[in-house]
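Dumping the structure here so I can ask a few things about it.
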Amino acid sequence: MALNLFVNETVGSTFKVCSDLVQLLTEERLQFIDLTELVRERVRRSGVAHGLVNVHTKHTTTALVVNENEPLLLSDFKDFVERWAPRSAPYRHNDLQARRFQVPPDERPNGHSHARALLLGMSVGLNITDGEIDLGEFQRIFLVELDGVRKRSVSILVLGLAVESGEDRER
Amino acid sequence: MALNLFVNETVGSTFKVCSDLVQLLTEERLQFIDLTELVRERVRRSGVAHGLVNVHTKHTTTALVVNENEPLLLSDFKDFVERWAPRSAPYRHNDLQARRFQVPPDERPNGHSHARALLLGMSVGLNITDGEIDLGEFQRIFLVELDGVRKRSVSILVLGLAVESGEDRER
Amino acid sequence: MALNLFVNETVGSTFKVCSDLVQLLTEERLQFIDLTELVRERVRRSGVAHGLVNVHTKHTTTALVVNENEPLLLSDFKDFVERWAPRSAPYRHNDLQARRFQVPPDERPNGHSHARALLLGMSVGLNITDGEIDLGEFQRIFLVELDGVRKRSVSILVLGLAVESGEDRER
């Protein structure tokens, strides 16, 4: 077991970093957008065989999560997001007159959106082995729109070793 | 201060990526499984001195978290997980007849497990310095089983520089 | 589109890993401490142009999050943190006599602090492109003190390619 601990150990191949900024227009106030194939595409095109893909949102009222893309479940998730940070709760942030800093021109009462984003998280790191994201059968990567409809950006970075054929070492 | 900002800066040594898939059988419906020593072992065997270890679960009803391994506290955490997403809440996902996609043969009513997983998160990135994970005194890495008993897989990837002795630079 | 998918693809430059341990004394029981400029400074000094910065706390009663630094919003966040894991809830962890392991000398009843930390998460991975963290306009990096006042440590690791001028490839 000791000698066989790591399935893959890769040394001395070409180290690469590839990045992309994905822009999309969300369609609902609260929406789960499945980015899995889009992220997979970036990993494949990067040529990275062993490494990491880090995905993060560039907004404070969206989240980045991994779970199952089952429509009834996503509908349950929307209920829970409302339960965890209700839209109707009182938010000081929604009192635009009271703010110390300049309010963006397209600002709306969205304290609940920020609280939900805080809870769900904004970045996910996933391992790449043999050129594929090491996701389980039911795992899908979602951007969660919490204050739509808006134009949104997601940052994707792939880094690791681009192994030429025959360079892989098994030990 | 300016010149001494980084304790470690390492350039030009061997860059390595090591990955492992850890499989385990969970024992309880809701269980915190301490993976710290297992992850530490992978980091040591990788030979990576300065870099990152990324750990993520491969399931949508488990979570990956870092906190203290104090039995009373883990018992408190179980209460909170039940409070945040009660098992008895109504879940559309639990209506197997209503689902649009094929239901896995071992499926059980587990909407609450998914909601808990969404909340707790599925990946953790930890820094490696001088060959050790930069964990604090009380920090332990846990796989959280939220829909046990099941066979589970955790993906571990270590990447960074494997410094030969004497290669380290302090500046 | 196919050829132009990645804005940046960088190969064969110098791979670097830089790490730093930031120590700070928190000032409130529940406090959001904006670390953005401090992390940006580490990224700039690292010289890494394309890569990743991973930031994590070294404590089990603090969290690491990204959201907006708007004072009224941070005040809302404090209310929600209290709502999600009330200080007044019963915590077995607070029964110091019942604990199986030795209790740290400076221990206080802080079950709620741990539960809050579990919920908010302890690490954030952010992409670096063209030498800058790829943060959105309103995104700021916070250490969240959940059991202050205490001395705290945050681990920062920057890894990636340090591109010399003229080495960048666009394709």
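Letters A, B and C mark the chains as written, and numbering starts fresh at 1 in each.
Please note the rule applied: a contact is a pair of C-beta atoms (placed from the backbone, for glycine too) under 8 Å apart; a residue touches a chain by one contact, two chains touch by 3 or more.
On a predicted model such as this, the values are computed, not experimentally measured, just so you know.
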Numbering shared by both copies at the chain C-chain A contact, with half separating same from different: different
Angle (degrees, nearest 5) of the CA superposition of chain B onto chain C: 120
Computed distance of Cα centres, chain C from chain A, in Å: 16
For chain A, residues that touch 2 or more chains besides their own: 15, 52, 84, 119, 121, 125, 159
Residue ranges of chain A in contact with chain B within the complex: 5-12, 15, 50-52, 65-68, 70-73, 75-77, 80, 84, 119-121, 124-129, 134-136, 138-139, 159-161
Residue numbers on chain B that touch chain A, as the complex places them: 14-21, 41-42, 45-46, 52, 54, 56-60, 84-85, 91-93, 95, 98-101, 111, 114-115, 117-119, 121-123, 125, 153, 155-157, 159, 162
